[in-house]
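Letters A, B, C and D name the chains as they come in the text, with residue numbers starting at 1 for each one.
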Amino acid sequence: MDSIHSFDSRHPANLICSLSNQFFHKEWCLGTGGAMSIRDTTTNYIYITPSGVQKELMQPKDLYVLTKNENKNKNRNQPYPYDIIYSPPLKISDCSPLFLACHEHKDANAVIHTHSQNSVLITLLFDKEFNISNMEQIKAMPSGRKDPETGKQINLSFNDNLCIPIIDNRPHEHDLLNSLKDVFEKYPNACAVLVRRHGLFVWGPTIDKAKIYNESIDYLLGLAIKMHQLNIHI
Amino acid sequence: MDSIHSFDSRHPANLICSLSNQFFHKEWCLGTGGAMSIRDTTTNYIYITPSGVQKELMQPKDLYVLTKNENKNKNRNQPYPYDIIYSPPLKISDCSPLFLACHEHKDANAVIHTHSQNSVLITLLFDKEFNISNMEQIKAMPSGRKDPETGKQINLSFNDNLCIPIIDNRPHEHDLLNSLKDVFEKYPNACAVLVRRHGLFVWGPTIDKAKIYNESIDYLLGLAIKMHQLNIHI
Amino acid sequence: MDSIHSFDSRHPANLICSLSNQFFHKEWCLGTGGAMSIRDTTTNYIYITPSGVQKELMQPKDLYVLTKNENKNKNRNQPYPYDIIYSPPLKISDCSPLFLACHEHKDANAVIHTHSQNSVLITLLFDKEFNISNMEQIKAMPSGRKDPETGKQINLSFNDNLCIPIIDNRPHEHDLLNSLKDVFEKYPNACAVLVRRHGLFVWGPTIDKAKIYNESIDYLLGLAIKMHQLNIHI
Amino acid sequence: MDSIHSFDSRHPANLICSLSNQFFHKEWCLGTGGAMSIRDTTTNYIYITPSGVQKELMQPKDLYVLTKNENKNKNRNQPYPYDIIYSPPLKISDCSPLFLACHEHKDANAVIHTHSQNSVLITLLFDKEFNISNMEQIKAMPSGRKDPETGKQINLSFNDNLCIPIIDNRPHEHDLLNSLKDVFEKYPNACAVLVRRHGLFVWGPTIDKAKIYNESIDYLLGLAIKMHQLNIHI
């Protein structure tokens, strides 16, 4: 692949750049923090952000593009069989094994990772899980169940419990892979994981859904922190 | 109706889209939360937002347009006699019966619904009503009384009490209809209602007025929460 | 005067509109709150905002223009001898007598009035005065003294005390005039006054200075409130 | 030098202006507060902001340009041998001796100074140093050590301690020079210093790095303050 370029604002590379800019201004991706990954369902190409780039300045040419190669040898550092078909003169995000794990095991076509202050603070107030219920915004979150007739995702109801597992941070992001896989197994309906003193990973079937989940979770985390400050039992 | 399109920035469809974008950036309508309805007083068409659309990306073509049909059969799910004359390939907001109730019973030509964090938190600090007085911003709120000479709405004075009733949330938004009608009866001068653990509904004679009321209420809710944190008696 | 129109972004009418928009987005002028006045030192025209207009949408044609007429009869409601030479189909800001008082008695060529939450909250934490010292930002504030050689305003030093008097609110803004005049007499060096449960008035020799003072005061008020929350003695 | 003008958005003068505007909207440089300095590594020209200019309105023509002149006599007020080769009709930032010290002694090509509220508040919670560890964002900060093979800066690891020294403020910014030099000596790996009741200075090998460090530090200061409010041990 020679270059990434499209005039379509809905092209994965353009979406990653416009959302990175939006998330920077939300203060979720300061100091080059955070990362994102989108799988294009027509080409199966996966677009991943590089590390070290200021998120508000991200451009399509800065992204990595990967494609699946089942024949590729896997190893500890490259646990998923993907070839890089476009690489900028930058390091690929250290989160990329985590992103590929979401694409491979969760049928996710988009993964968003932020360092939002709400996501860091909540992991200092809760231990193994963040649970919340009886909040209207929960209805924007997926239950993990599908409607048996339409096959469409069913969202949580107002009274349902939203559970986001919390895992401990590791010095290198790719070392979180085993903990993430444990989450996949123990919380099959989860669409997000909090990493203590680090941030939030959210995945979804489309980038629109992943963004809506990410926004709703951050809103709920923010509410929970304010409730804690106001001595209101969650 | 074939399509919604106007170059007039004051057209109801354009106003809903520009305000949805503004409210998203105020963090009042994250994760597709919130909704809006405007009745065009010349055509009597009612424009209503769909559900599931990211508010900062809302476009006129995404809106529903309804018109009154007195002959229409009413039932539990469609308690008001309106025909849909334009529908996008999206679900109509679950709030639409509430919006129509405001248009029908309160002479409102605009209704704004948000999930602002202030509106959720205040319902955890207060039980049946939120009351505030002796705040300059109260003067931007309507008293519900009209000047006997000019027929114009009289606003509250600095020393007047602003009362916003609080109702409990229900699993489905349209199930709030009976509670809303109770509010209409018990608080005939109210222009807003808080829904516990959910958000705020505000109505007004014009979209400009509804926006000004909504902004002023959210400001007063925010002040009240900060006063609570500072141990200042409201 | 037939109309207000200028392509110069530094024209008082354009500055009032661009700053009103900026202050709206700072959440200082929500729900049509706040007001502003600028005296053009070449023409001596005074430009004043109307009431009831959304500040982010303010346009030059919405402003009032006044000019001095020493022969004009003064009365209780019009205590300063000014003629209106341009009026939009809107009410003039109820603050206008206060603005004219600043122009007349304080040599101010610009007055800014906001409803910032910091300014309201601080009047609930302090009684007659807000005092702060030993903050770098104080150096952006005027001392009220002039350099005997250059005649230029001298700003406060880091160790100096900044004192902002607090007056009680009245039902009508023009009823604050007497309290404001008392402030002029008792605090001859003040460039701002806080009105309890209402907001902040700031004046300066130019609109740039008034804006810098207003910004610096709001920053210091915000710091003082956070210090209070953190149990740090101011 | 007759004028500063470049169409290249990466020219130091343009970067100072666009970042000043960005930092104003982050509320780091209100009321003309804050300052910045960049050394162009090709020409060795140093671009420095003037004092008294609103940061969101800064233009290239407002900046000072300095160049080194080893033959220049040094004195107490001009401790570094630089000639001014372009000067606007404005005072140079009172921080300029501090900026030159960073350029001279720390190999810094960029220095950022802000009055962020986080940076002021943290100096009221901590005495001589601000220390934090076990936060993912720390990994965006430099360790001060270089990779012996590549010669590239090594960043801190998740478990490393980030230490930012705190010095007391002085009435005049240039009087901070001795304290700053003490910091250089005592904390050779530091890339930032907090000034009590004043703000933050951050330096780096490039303006991009200095900006990333500044953003990351402010984020960590903000987290530490919120942790304090939530009674979470840092």
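Observations
Criterion: a contact is a pair of C-beta atoms (placed from the backbone, for glycine too) under 8 Å apart; a residue touches a chain by one contact, two chains touch by 3 or more.
Because the structure is predicted, anything quoted here is derived from the model rather than measured.
Counting every residue number used by either copy at the subunit B-subunit C contact, under half are found in both chains.
Seen as a C-alpha superposition, subunit A sits on subunit B after a turn of 90°, to the nearest 5. Distance between chain centres (mean CA atoms), subunit C to subunit D: 33 Å. Residue positions of subunit A touching 2 or more other chains, listed in rising order: 229. Taken as a graph of touching chains, this assembly is arranged as a ring, one closed cycle with exactly two partners per chain. Residues of subunit D touching subunit C in their complex: 27, 30-33, 54, 115, 117, 120-121, 124-125, 169-171, 195, 197-199, 225, 228-229.
Only residues 134-137, 140, 157-159, 208, 211-213, 215-216, 218-219, 222-223, 226-227, 229-230, 232 of subunit A touch subunit B when the two sit together in their complex.
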